[in-house]
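Chain naming follows the written order as A, B, C and D, and within any one chain the residues start at number 1.
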Amino acid sequence: MTATLERLPLLVRDWITGFFPEPVRWLVSGLLAIVAILAVFGLYFAYLTLAERKFLGRFQNRPGPNRTGPFGLLQPFADAVKALTKEDIVPQAADKLLHFLAPCLVVAFGLISFAVIPFGRYLIPVDLDAAVLYFFAAGVSSELALFMAGWASHNKYSMISAMRALAQLISYELPLLLAVVPVIMLSGTLSTSKIVVAQGGWTFGIIPHWNVLTPWGFAGFFIFMIAAVAETNRSPFDLPEAESELIAGHLTEYSGFKYALFFMAEYFGMSALCGLGVTLFLGGWQAPIDILQVVPSYVWFMVKLSCVIFCLMWVRATLLRLRIDQLTRLAWKFLVPLGLINLGNAAFWHLSADWSGPLQIVRWAISAAVIVIPFVLIGRTLSSGLAPRTYRYAT
Amino acid sequence: MTTLQLCLVISSLLFCIGLVGALSRSHTILVLLGIELMLNAANMNFIAFWRFGASPTAATGVLFAIFSIAVAAAEAAVGLALVIAVYRHQKSVRLEEANRLKG
Amino acid sequence: MNLILVLIGGLMLTAAAVAMSLRNIIHSALLLIGSWLGVSFFYLWAGAEFVAFAQVLVYVGAVSMVVLFAVLLTRRDRQDVVVAPETRTRAISALLVGGSVAGLLVSAVLGTPLATGPAETPTLTVKDLGTLLAGPQAAGLLIAGVILTVALLGAVVLAATDSGKEDAS
Amino acid sequence: MNLPVQLLWLIPALPLVAAGIGALTPRGGRPIAAGAAIAALIGSFILSCLALKTALVDPAAHLTANFSWFDLGTGTFRLGWLLDPLNAFMCVMVTFVGTLIFIFSLGYMKEDANFTRFFCFLSLFAAAMLGIVVANSLLLLFVSWELVGLASYLLIGFWFHKPEAAAAAKKAFITTRIGDLGLLLGMLWLYDRTGTLLFFDNGAGCLEAGALAGLSSATLCSGLAVSTAIGLLIFCGAVGKSGQFPLHVWLPDAMEGPTPVSALIHAATMVAAGVFLVARVYPLMSADQALTNVPLHALTVVAAIGAITALMGAVIAVAQNDIKRVLAFSTVSQLGYMMLALGVGSWVAAIFHLLTHAFFKALLFLGAGSVIHAAHHEQDIRQLGGLGPKLKVTFATFAVGMLALAGFPFLFSGFWSKEAILHAAEGWEVSHLPLIAGLIAVVLTAFYMTRLVSETFFGHGRSHASEHAHESPAVMTVPLAILAACSVLIGFVGTPAWPWLQSQLTGEPVHPHGWFEGAGLMMLSILLVAFGIGAGLAIYARRTRVTASQRDPIEAKAPSLFAFLGARMKLDELYAATVGKVNSALAVVSDGLDRYVWAGIVNFLGRLGEFAGVVYREADEEGLNGGFDTGSETLREAGKVYSRSQTGDAHAYLRALAVGFVVLVLVITLGGLR
């Protein structure tokens, strides 16, 4: 039963490809994968927007959308219809071609990242040997699309926001990669499927061997997630589209469906990055407890992904937006040094792999100290001299 | 024409496009971009010879390509920094105006 | 097999050629990025997966960003990105020189009997590459690292404004 | 619980981490920096004790953990850790004394603004020193050796705003560098000969029989064995670091650093590193002992240098007036003893003395530090005096240290270790001169230490500072007390009756030789010590100094000798006059040569030319000049034309490059030049 459920997507694929002659089956199965990702994540995107609005509403003590359909469940479709029927305005002075290309490319680049994420035990669209590298290569390409949007709009605010976006993305590329390298070092491969397999197994059947449950993995996961929030331009790092200063930045001159495309790309990017985070640190499709393996692996993946994304929404609802100097300072003075130290920490972990018995405790203690002490010291040094912030509320 | 020769022809043409660009454009950044194209063409040769050459087991071609990509990145960074520095001095990015050391 | 190569090559060469003849530098740069992507497709086609992704990361992710920044930093207003047409003599001479080099190279390639190895794709996993880079080629890796660091510092020094001087001017 | 040798690196790693923490801590974080440093060193101490336990399981074995550092081409560079009783004892000593000195520094440096920096440097030093000790590779040892030098430089110059301190730091760094050059050359030569720098590597190391046989069988053109030459080069490093004659001049000046630094680096540990180095490469140093047809044995040189240093240091110490300088010269002298012991073939005695000396000399320096702290940074013993009743703990512990250093019989550790050295020197076949030098130094040591104590603690206060002295806080006196206890007890591990340390170090049972075998020598040295202390008391304690300006009794008798010794035998001036002057002299000689000899020749040739010129002028002006003028003009024109090609137009260059390429290839292929 479990095995059948596990293989269900494969069975469906084989059933469909069975209708086609042998020579074109590979093509059909490839197309099927694309269609499946588009359908699943299109729907996921639609309900993510609804979930975000609902959650934000609850965080801010209001109900959120609840008029369209039961509990507002039809709201995403209403939004889609609205976006499609709105007038598509292109500014007179815009660089027309680039103005059109930017939203298309941004969605395309957001989508191709999904190709290497293992959604389940048998569900990985392309099992590349250098999958992690591919993911980042696809990720950096979307920066270009942002630049194109800013440039093509022929608008000062858009341009400034594009430059900001580039600076921010380049700054946070570094901690992101530094957080990933330890995982690659420890699992000895760049292939996402093998990284997930390397995290299999349980101690006593209840403690999974996920990377996040080691000192370096824990630190790496947090660096990764902070950088991921910045990479996807989400609050509190949403400077490039700050409404109050840049009137929505590179999105200013977009309307209608193109605007919706940018929105979609943001959620695709977030899902992809969180998916990579789940893959690298949270054990991918592995079940958290041995006996829970009866639940199919792809379900676990989606559950973990949703949890991580929920945390991002929580962060968005809680934290205030940073200033640009605070943003870059956080990256260069805090995350990058910590990432480098964590790299050394992972190397230590790798070298001490054969310590056993009481040395195991020493290993944990050293590894934890190596990450905690710099965290405290760098944090203190950076925040020394800053007076505690005071807020004045209207009385 | 073997596949290797086809690869080499393509890379030669890419090299020459880069050369023509570097020769004909006066904007310094475009000249630099032309040179980057020439570098890319050279890299293509490394890979082509590794893939179709006499001894593909030796990974020399790939390693060379990796190192050369690294060097190209360094070259681009320094080159564009130079462009900015020259622009600050001369208020111009035309290459032929940067000729103070002429004889 | 060759058809795919011709397609990739054709796209790459067209993109490069058009990029080198456009007036608008931003368009040129973006098209060149397309051409670099073409090169990375060529690497993928040739089975050098790692090099292909490294190419995308370095060229599309880093070099192109630096280029775009440089373009935006070296202009006074928006029209500056559209450069004046070049003189005809220079274009012609460039084409002549480039054409002769191209002729020479292509004839050399076609005229040389090249030894070719086995037809199947050589297998080179990322792990092999890593072992090579960390083992026998470690010196090269270190030197590349030093070069990158020095270049980074040099670029910062070159491009940084000397605040005192800037105030004076 | 034993410490496996694979984890030996943790011993230096802990202080290194502490140094890193200290470096990252802002100035306000005093407890963090000091706490990390002390905790790390205590951790290292515990690990060292465990390591000692491991090492003593089989004292004869050399436990190693080697690993390859990096590959270069086909070769592999390997480093490693080594654990045997020798370095295990060193580890325990360094960490134990170091811990006490760290704690003492808490009090001594309390008012210093750069407290965290101080502890950062101290930890760095401790890490490097422990690195020297645990290294199983001459390269790793050398790296740590240089790091120790760096830390020493930083710490001597810790108060760099004082010009003397800055100069002393520079002097220490440069002087030891001269020795280190020898060490580096020796290391390179050794690598060239044996292909490895690992000490022990299952029979393939450079200190093991295979390599040594090759080294001692090869000879140089002068008949010297290669092992002798390499050994002497390595010994150069030890001479520089251990303050041996003639490179001892930096050590007294190094007293400009804070006193805990003097205690840690320039008394207990770093200067002992030279002795440790020679003991570590002892198989290499003694490889030529079996050869009879060589002109020189390496160890003979070591013994000679040691004897000279021991005597010279003791003589100079008699006439010093700065409390720390007296101790510094006594350190020089004691290090000479250790070298002497190494030279006469008893490295065990040298290490024994090294260990006991570390304890009592650290005690003396810390005691001096306590005095200086109490007397408001007054270091001149003529200005002190009468401190005994005021600083009771300091006085008591200082007296213990003094008696240990003087070699007071039976109760104090210095006696036993000094006896061991003298006993070894007596048994040396080559010469008895080291023994005689050692015995004279015994008298002098007892004498100048008595002088120091009498001047400092007896009589009446002779200045404002000494009259208003007050005892140091417990954080400083407790380490003193612990060290004093150790100074007494540590001696009993190596008495002739129970030579435990000796047997553990060599790994073979040493039978306690009879009470009477060395009794004659022992009686003699006891008499000499008694004579020295008695003379000191008679001259200095019976009639104590009344005013600070009063002349020293010896100075009154032999003013010129006293002044000569007080100026440290004028060795600094000698170096300035020789090494410094040689440069100037060479310059003068070159100038003279230039001015008279070469200039004469040139002038003579010039005259000849002048004459010939007169002859030729006519012909020249008429015939040749015109031709040359034309030629020059043509060249200039050509230059102008050529410089026109330097258009400054990068495009043109690139174009020329491309065209040149095409033309070159065409010429080669079509022209059949291939």
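Here is the rule we use: a residue touches a chain if its C-beta (ideal position, glycine included) is under 8 Å from a C-beta of that chain, and two chains touch if they have at least 3 such contacts.
All values reported here derive from a predicted model rather than from experimental measurement.
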Return the chains common to the contact lists of subunit C and subunit D.
A, B
Could you tell me which chain lies farthest from subunit A when each chain's centre is the average position of its Cα atoms?
D
Give me the ID of the chain with the smallest distance between its Cα centroid and the all-protein Cα centroid.
D
Determine the centre-to-centre distance between subunit A and subunit B, using the mean Cα coordinates as centres, and give it in whole Å.
35
How big is the gap, in whole Å, between where the Cα atoms of subunit A centre and where those of subunit C centre?
29
Euclidean distance of C-alpha centroids - subunit B vs subunit D, Å:
54
Residue list for subunit A, restricted to those that touch at least two other chains
none
Among all residues of subunit B, those touching at least two other chains are 19, 23, 26
By the touch definition above, subunit D meets two or more other chains at residues 651, 655, 658
Tell me, which pairs of chains are in touch?
A-C, A-D, B-C, B-D, C-D
Would you pull the subunit A residues touching subunit C in the complex into a rising list?
95, 98, 128-130, 133-134, 136-138, 140-141, 143-144, 147-148, 151, 154, 159, 163, 166, 170, 173, 188-191
Within the complex, which stretch of subunit D touches subunit C?
70-73, 651, 655, 658-659, 661-662, 665-666
Which of the residues in subunit D come into contact with subunit B in the complex?
642-651, 654-655, 658
Interfacial residue positions of subunit C with respect to subunit B in the complex
1-2, 5-6, 9, 12-13, 16-17, 19-20, 25, 28-29, 32, 35-36, 39, 42-43, 46-48, 50-51, 54-55, 58-59, 62-63, 66-67, 69-71, 73-74, 83, 86, 90-91, 93-95, 97-99, 101-102, 105-106, 109-110, 114-118, 121-122, 124, 128-129, 132-133, 137, 140, 144, 147-148, 150-152, 154-156, 158-159, 161
Enumerate the contact residues on subunit B facing subunit D in the complex.
19, 22-23, 26, 31, 95-96, 98-103
